[in-house]
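First chain A sits with chain B, and in the next complex the same chain sits with chain C.
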Partner chain A sequence: MNQVASLLIALPLISAFFVPVLKQINKSLIKPYLVLITLIQTGIAGWVFKEVYTTGKPIIIYAGGWRPPIGINLYIGHFAALFVLIIAVVSFIMAIFSLKAVTTEPIDKYAMLFLLLMLGATGMIATGDIFNLFVFMEITAITAYALTAYNKTGEAAEASMKYIVLGGIGSSFFLVGVALLYGATGTLNMAQLAELANSINPIVAQVGLALIIFGLAVEAELFPLNAWAPDAYQAAPHPITAMFSAFVVKAGIYALARLLYLLQKASGWSSILRLLVIMATLTVVFAELSALRQKDVKRMIAYSSIGQVGLIALAFSLGTQAGVDAGVFHMVNHAIVKTLLFLAIGYVGIAMGGTTMENFEGLGKKMPLTALAITVAGAATVGVPLFNVFWSKLRIILATLQAGFFWAAVLVLFASVVEAVYYFRLIHRMWFMGGGIRIKEGVIAGILVILAAIIILIGVDPAPVWNIVVKAGSDIFNVANYVKNVPLVGVGS
Partner chain B sequence: MNELPIIVISPLVAGFLAWLLRIRGVREIIGVAGSLIPLALLIKLYPSLGERLEFTINVAGFKLGLMLSHLTWVFSMIAAVVGFTAILGMISTARDNWEWLFALMSLTGVLGVFMAYDLITFFIAWEIMTFASFMMVLKYNRHASLKYFILSIVGAYAMLIAIGLIYAKTGTLTFPEVSVAFTQDAMRRMMGGSGLFTKTETMLIYGLFLLAFGVKAGMFPLHVWAPDAYSETNQSYTAMFSGVLSKAGVYGFILLYILMYGKLVVEFGHFRSAPTFGYIIAFLGGLTIIVGGILAALQEDIRKLFAYSSISQIGYILVGLGVGTALSIEAAIYHAISHALFKGLFFLIVATLIYRTGKTEFKDFGGLAEKMPYTFAMAFIAILSLAGIPPLVGFASKWLIFEAVIHENLPILGGMVFFGSAIGFVYLIRFTYAVWFGQRPSDLEGTKDAPLPLAIAMGILGALNVVFGVAPGIVAQELNKIFDKPVIAGNIWELDLGFGRYNGLLLTIWMVIGVLIAAIVYFLGANVRRVPVTDTYQSGNPITMEYNLTIRRNFFLPLREVMAFWLKISFDRLYHDIWKSIEDFAETARNYVYNGNVQAYAWYLAIILVILAAMGV
Partner chain C sequence: MISAYYFGAIALILIGLYAVLVKKNLLKILVGLSIMETGVNLLLISIGYVSGKSAPILSEGITPSQAVDPIPQALVLTAIVIGVATTAMALSVAIILYEKYGTLNIEEIRRLRG
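Moving on to the complex of A and B:
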């Protein structure tokens, strides 16, 4: 029965390649088909989530029936189950949004790329083999390159080009790192790599780890490797930007964290951690500062998203259990908040004809539900209590101070102050500047209100989500457990 | 003890319901009920204060708690009473549903701050309070609200870092445990050991807390948000904003004493007869008194005058806290109570004036005592109270502070406190005469007296001002229970400090007798003499339109000219310039880092590789 989980990979893949067939039948079926597939994916992911969390055991799928490390295995533990569900739900919401938001042709290519993007991120999180991770990372990256350029404007092409160049360099170095580790250990299985990490040549281990982290850091949008991100986020179609922010970057961070903790026995681990802390702190600071004077709201929120991702990376690079738990919690909260924000901004974009500051004036009168949702999400991102991000930010700061990184905490809080300014300026502009007549808001507004309600709900009672998050966090941090769970066949050593 | 969370949460729930159900009458009833419940429950819990009243709950790995002790009960009562009257006032002056939501949310926040049992609950309630009060100002003036929010957030995050440092070193967050940890640390230091916290760390934590609580209390030089924020919001709300929320900062300073007193004394010693860390607070408090008082005298707008007056009065409280003896701390808390009472009353009066006349500057007022007699009576009580004239409560608390400071032989602080009293008189005279007496402008002829909700609210606060003034011992005995010894002796009519005595009842009786004698003389002999309106004269100076000084316009312009040099020093402008340079730096940084050139981006990747290589070798 657990083998149903393999549908998480198989379903998007098959349905993606079914789209051209569908196009021949009837073009207008494609977008509803997208909604249907993501709905089924959500169902499966929900079932997997329930399974993993009630039994407490990870679901392990052997590709082709070959046991690891001979074959490739999928490892769907607590963390993967949680995030695969989040990916599926966000994709579903974005598929609904695409019904209205994406009108550029060729829509069949869009649907294929959409499904493959979802597949890539799901695969990155669910896999247990490092080369398989590379494959899924490339699927994610290439579909992301294509989708960034989908709107076919000059700006989109330029953004996509930048992404290709930087992503390509990053992926190449990642591959070199994997090759080094494979050469030294003879295995590509992540659990076995963790076991053998301290028995190989320390220089090889250190260099391999450094190159792998470097490659993933480009995808995970860490300073200064994230320069492609603001352009890509702004130029991509609105649903795609939401997906980038909600799970594509998170898949990169997850892979970064997973490999970092798996290879913790490699020498030079603590200096790599220190470098990551510095890079993450600088990510937060520069992203929030850059958002301050933005005239385009979508770009502003893109910078904000990068900043929050830096915060997650900071939490993961502390090297403590508390840090990892806090990071996972922030990943969940951030996914919800940024989905809401990009959905709302995209909605305003198509209703008002653009996402510059002027389009948001008087939104409180023209689209009050949307404006309310943006206000809730903005107050949440700043870290006001009674909203969900407060709890995760609090935990991250406490964990950072506990780990002894005083200046990182100070800089991050400074960035938070800056964040408060531009969010509240936006909120003021929406409610108290300009005016207009009320526009009818459809299903999207309903989804926005539901998401806002979830934000407040988690903010008031974080305990259920926190319990889930703690389990997911120990999945990443507790490497011994991970290795124990994978039934490795002894094949030489 | 299930009442404690109800006390804290009920205003927020009521506010949310009032916002949701937009029907005019229902919303007011829900709102008032929401602010009445904490008051009622607090009164109900009073008899059981001797036992430990605690409520803890585990939320997502944190043990959050509420407690009610004598100290927290006193502060919570301030919040509940003034909050209730402010909400009553809002029935008349509130303009939309959001104001109900956020005013009640801030009441929840401040009650949570006072009743917190651990640092996390304290921080959460602090942030809720700040956010809600910020939203109340946002609608009226974006610049004022952002200035308030940024300064408050900087303070709150400073507090968060301090909390994080404490948690990292001691592993605990509840007040009793943290207090114990610091005391043990102090003892270890006294024995010559090294302790958990080094001197620099203690200084850092002290500085961070000073920043956090100083911003909220409106201490110089962190007071710059207060004049704009207090004036640019619903004035009934300002009764709570100024009367109660600033006391959160005061409570924070008391918390500093509770948690870290021993450690701070061991690390930093004494200065004259006060602990050094306390003297810093007291000195900054003294500066606050002076700065607030002088700036209050120079204002032409009623709201700003009282905003600066609030800042000045908080300075008194800080002086009392800083001196550090049991008597001075009790005096400080007493002044906190009386300030909440008379300042709350003042802002309700201002709310009434603005509601009825729509004017905010002195030059538009005049002669309203005849048209608004009830409001005038309330204003009279408030004026006497702030000026510190017996038998009102302001006198009792001010007298206690004077006595405490003098008793400790602190002449500089004493001088500052006396100066504060004098300058208080100066700006009060302006308010008294310009608004209530003299010629009435013609567009104020039809002014009516206060509407019923505001009248009731003012009546409650006015009555309390009088009652606590005539019988100051009621409050003193409550405060004594905090320290568990008779710091201020005497019965309910009298305050007896051993070296000084004040009997409220006796004074009242003599004053009544005096007024009766004056009344008899008046009715027997004195006539009203009609005097024609003449030009004012200015001691030989010619009267021109530019230099036309009347009580209603530019009365203190000469003072402004004398102080011109000092007025150029403006922390407001300093903070504004700092922020502007941060924004400019942000723009420059963005243009250099995210410059759009993909080759530059590729070089960033190369730089990181080089760094990684350098680390490996």
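Moving on to the complex of A and C:
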């Protein structure tokens, strides 16, 4: 029965290759087909989530029946189950949004790439093999390059090219890191790597891990390798932007955290942590300061998203249980908030014909529900109490202080103040400037209101989500458990 | 004893990185990326190489103990395919860029600022 979980990978893959067949039959079926497939994926992910959290045991799937470390295994533990569900739900919402938002041809290519992007992110989170991780990362990256350039404007091609060049360098670095770790341990299986971590030569371990971190930092949008992100966010089709922010980045951050904690027995581990703390803090500060002077709202939110991701990376790089838990909590909150924001901004972009600041004037009168949702999400991102992000930000800052990084906590708080300035500027513009007559809001507004309600619900009572998040966090932090759960067979030399 | 192949591989990676970072022509940058990927592939292969042993194909007279490590070779096959896909993707984006901007000089392709 557990083999059903392998459908999480198989379903998007096989349905992506059925899209050209469907195109031959009837082109107008493609977008509803996308909604259907993502709905089924959500169903499977929901079942896997329920199964993992009720039994408390991870689902482990052996590819081709070969047991690890000979074969590749998928590891769907507490973290992966939670995030696969988030990926599926966000994809489902974006598939619905695509019905309206994406009118550029060729729509069949869009549907294929959409499904493959979902597949790549799911695979990155579910895999238990470091080279398999690389393959899924490249699937994600190549589909993301293509989707960034999908609008076929000069700007889109420019953003895509920046992404390709940085992504190419990143993937080469990552592969060199993998080669070093493989050369030192003779294995690619993550559980076995964790077992052998303390026997690696300290220099090899540090260089290998640093290269892997730099490679993943491109996907995870960490400074200084995140120059592609605002351009790509601005130029990509609206649903894709939301997907980038909600889970493509998260998959990168997760892979980073997973590999980091797997190798925690390696000597010199703490110096890698310090490197990552610096990178993450710089990400937060630079992103928030850049967001301040943006004229385009989509680009501004993109910078805000990078800042929040930097905050998650900071939480993961503390090396404490509290930090990892807070980081996972922030990942969940950020996924909800940024899905809402990019969905709302894309919706406004379609209704008003653009996403510059001027388009948002008088939105409170034209599209009150959308404006209300943006206000809730904006206030949440800033960290106003009684909204979900407040709790995770608080926990991240407390964990940072506990770990002894006083300067990082101060810089992050300063960045939060900067964030408040530009979010409240946007909110002010929406409600108190300009005017207009009310436009009819459709299904999307309903989704927005539901997401806003979830934000407030988590904000009022964070305990249920926090309980789930703690389990997911210990899945990453508690490597001994991870190793124990993967039944490794001995291989004679 | 460090094999000479490592030096070759690292040199290729650095040459590629230099081209990516310094060159102004987009096509040269993409060539640089390709060189970098080749360097990484060579590094992977040389990690699995054992001096004096044969290719890991089970045939007459070749037992598992006489072959080099097969895993890096499988990895490199995958990495080459991925590299080809990335290069094809990048070149097709370069074509669009040339159509829209009329140049391949990266200093002139700068509409997205801020």
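Observations on the structure shown:
To be clear about the criterion, the second predicted complex is superposed on the first by the 491 of 493 C-alpha atoms of A that agree within 3 Å, B and C clash if a C-alpha of one lies under 4 Å from a C-alpha of the other, contacts with A are read in each partner's own complex, and residues count from 1 in each chain.
As a working rule, contacts are C-beta pairs under 8 Å (C-beta built on N, C-alpha and C of every residue); 3 or more make two chains touch, one makes a residue touch a chain.
Values in this document were obtained by computation on a predicted structure and should not be read as measured data.
When both complexes are superposed on chain A, chain B and chain C sit side by side without a clash.
Of the two partner chains placed around the shared chain by superposition, chain B is the only one that A:Leu386 touches, whereas chain C remains out of contact.
Judged by the number of chain A residues each one touches, B leads among chain B and chain C.
Residue contacts after overlaying the shared chain place A:Leu289 against chain B, while chain C stays out of touching range. Shared-chain residue A:Met161: touches chain B and chain C both.
The superposition of the two structures on chain A yields an angle of 140 degrees at the Cα centre of chain A, opening toward chain B and chain C, reported in steps of 10. When the two complexes are overlaid on their common chain A, residue A:Ser271 makes contact with chain B while staying clear of chain C.
Of the two partner chains, neither chain B nor chain C is touched by A:Leu29.
After overlaying the two complexes on the shared chain, residue contacts for A:Ala453 are found with neither chain B nor chain C.
Look at A:Pro462: by the touch rule set out above, it reaches chain B but stays clear of chain C.
With both structures placed on the common chain, the touch criterion links A:Ile169 to chain B and to chain C. Once chain A of one complex is fitted onto chain A of the other, the partner contacts of A:Phe131 are limited to chain C, with no touch recorded for chain B. Superposition on chain A places chain B within reach of chain C only down to 5 Å, the least C-alpha distance between them. Comparing which residues of chain A touch chain B with which touch chain C, the overlap comprises 161, 165, 169, 230-231, 290, 293.
Across the interface of their complex, chain C is touched by residues 131, 134-135, 138, 141-142, 145-146, 149, 152-155, 157-161, 164-165, 167-169, 171-172, 175-176, 178-179, 182-183, 188, 230-231, 234-235, 290, 293-296, 299 of chain A.
If you check the complex, the residues on chain B that touch chain A are 58-61, 120, 123-124, 127-128, 131, 134, 138-139, 142, 145-146, 149-150, 153-154, 157, 160-161, 163-165, 167-168, 582-583, 585-587, 589-590, 593-594, 596, 598, 600-602, 604-605, 607-609, 611-612, 615-616.
Note for the complex: chain C touches chain A at residues 13, 16-17, 20, 26, 29, 33, 36-37, 39-40, 43-44, 47, 71-72, 75, 78-79, 82, 85-86, 89-90, 93-94, 96-97, 100-101, 109-112, 114.
By the touch criterion given at the top, residues 161-162, 165-166, 169-170, 173, 203, 206-207, 210-211, 214, 217-218, 224-225, 227-228, 230-231, 268, 271-272, 275, 279, 286, 289-290, 292-293, 379, 383-386, 390-391, 394, 397-398, 400-402, 404, 406, 409-410, 413-414, 416-418, 420-421, 424-425, 427-428, 431-432, 461-463, 465-466, 470 of chain A touch chain B in their complex.
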